[in-house]
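Lettered A, B, C and D in written order, each chain numbered from 1.
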């Protein structure tokens, strides 16, 4: 059963701001990641499994898994604030629960506790096979700080 | 003052095993990372700052920073075990202490507590400028598990 | 709306095993904590707010908050295994989201990913006022290891 | 070889401020913990092993281990700021490396990266036997926030 709240969209202005920022992240383009959904307090990023993102056994590298999880949490947080601020990751912790296998990974960042200064997000990454199998491969928790532009 | 223990080298056989595994990590090559030092229980990986590894403000992305830190800890652990086993990251936590600026990043993984099943590593990442300035930009802690080949 | 799955009980044998172990934890009795619910893969522990568990501002100390969260995750994991094994905490990470205020705290440990060797739990702690207000004050993630008796 | 920097003392005014705050932590007294050293950016707390602080196998409970580690990091941070502010734990992550055995535990909190808003500390806990054996039993990393009085 699809969680309907996961389908809600952020406002066009917020979506544009997130997309513009995402497009400035050289790493996301270099890895081949793309924004899949921008909701209020929740963002999804998809990363196709390619040889360029693997570790030594051919699964997606924990670093690539973490990169899209970190960005998903950062943009989930950014959707909650106005355009005069930026969001920076303070720290995160991630458990790699299973080999990151599948045709693509989907990272979901969800704001758990928004705050004026600090925000905490939950991070989930699923390995997905075309056709439908979907498995949680990583789960994490992230702390972010809001800063006024220009960023630190 | 240079810490002399950081200069000790692992045995040629261990170095070869680490290099071979590193060369199979598609992500490391794709990011432009390279092994800089393989010591017993301590490995350094260097990542030149390039547009391909940046976040939205032009600093190195937390995901790239974490990727080399994670690999450094994994290979530091691998130096301690014989060739019939593999090492997988269970989880890690990393604090981004400062913007990851510099000409290149240097990640250092150091085994803090080796174990038959689980090993814990300290992760440090420095931003380095050619000419010498060197600043700690990230610090973390990682748990790894030893598994018999073939890996899960 | 009450989540009905939170009401499911573990088998009497499992409940007894968890209770016996909990009763051997000197710290839980000393803090005044008690088991509130033992379900399969989910355990709740309650801690009344008393001066003996506070930090300098009169809220419950992060150490007491963490202690019941850690035990809740450990016992949630123990419900999944048979009587010949023990469970030890490998590590955990916890965010203190709000001052731990209320008449009592309720920690909920939930198994997120069980495993033959390692299990990962989600940890939540709520501050609860008699009468009903209920607020998430801490959220964490924990890794545990199963060991054969006798424990290390 | 004793690290001489671990012997440096904070100013009398700072020591007094830390002691006063520590004395207001009901949990520390209830556990039987005491301040052992207050240096600039480094604080040590000692906890005698007693049945009141144990887990089910008779070792010190991870919650008690964490409680003194958390307080040590908090007070290490407080030594760096003036009297108009307070310090709160944002989050921490701790690895339990070995059974917390010994006659007493010693937690050392050390500021790794001070900041105007956020500070990051390293946390270490040793199990110590009278007579001298000393073993690292837990290692962690903590993020703290400075707030103006009165605290949130």
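Here is the rule we use: a contact is a pair of C-beta atoms (placed from the backbone, for glycine too) under 8 Å apart; a residue touches a chain by one contact, two chains touch by 3 or more.
Source: prediction; values computed, not measured.
Looking at chain A and chain C, the chains that touch each of them are B, D.
The most distant chain from chain A, with centres taken as the mean of CA atoms, is D. In this structure, the chain pairs B-D and B-C differ in their number of contacting C-beta pairs, and the larger number is found at B-D. In terms of their C-alpha centroids, the spacing between chain B and chain C amounts to 34 Å. Averaged C-alpha coordinates put the centre of chain C at 23 Å from the centre of chain D.
Centre to centre, using the average C-alpha position, chain B and chain D are separated by 29 Å. Counting partner chains per residue, chain A shows two or more touched chains at residues 90-91, 93, 95, 120, 143. Residues of chain B touching chain D in their complex: 93, 95, 97-98, 112-113, 120, 122, 136, 139-141, 143. On the side of chain A, the complex with chain B involves touching residues 21-22, 24-31, 50-57, 61-64, 66-68, 70-71, 86, 88-96, 99, 151-152.
Residues 90-91, 93, 117-118, 120, 143, 145 of chain B touch chain C in their complex.
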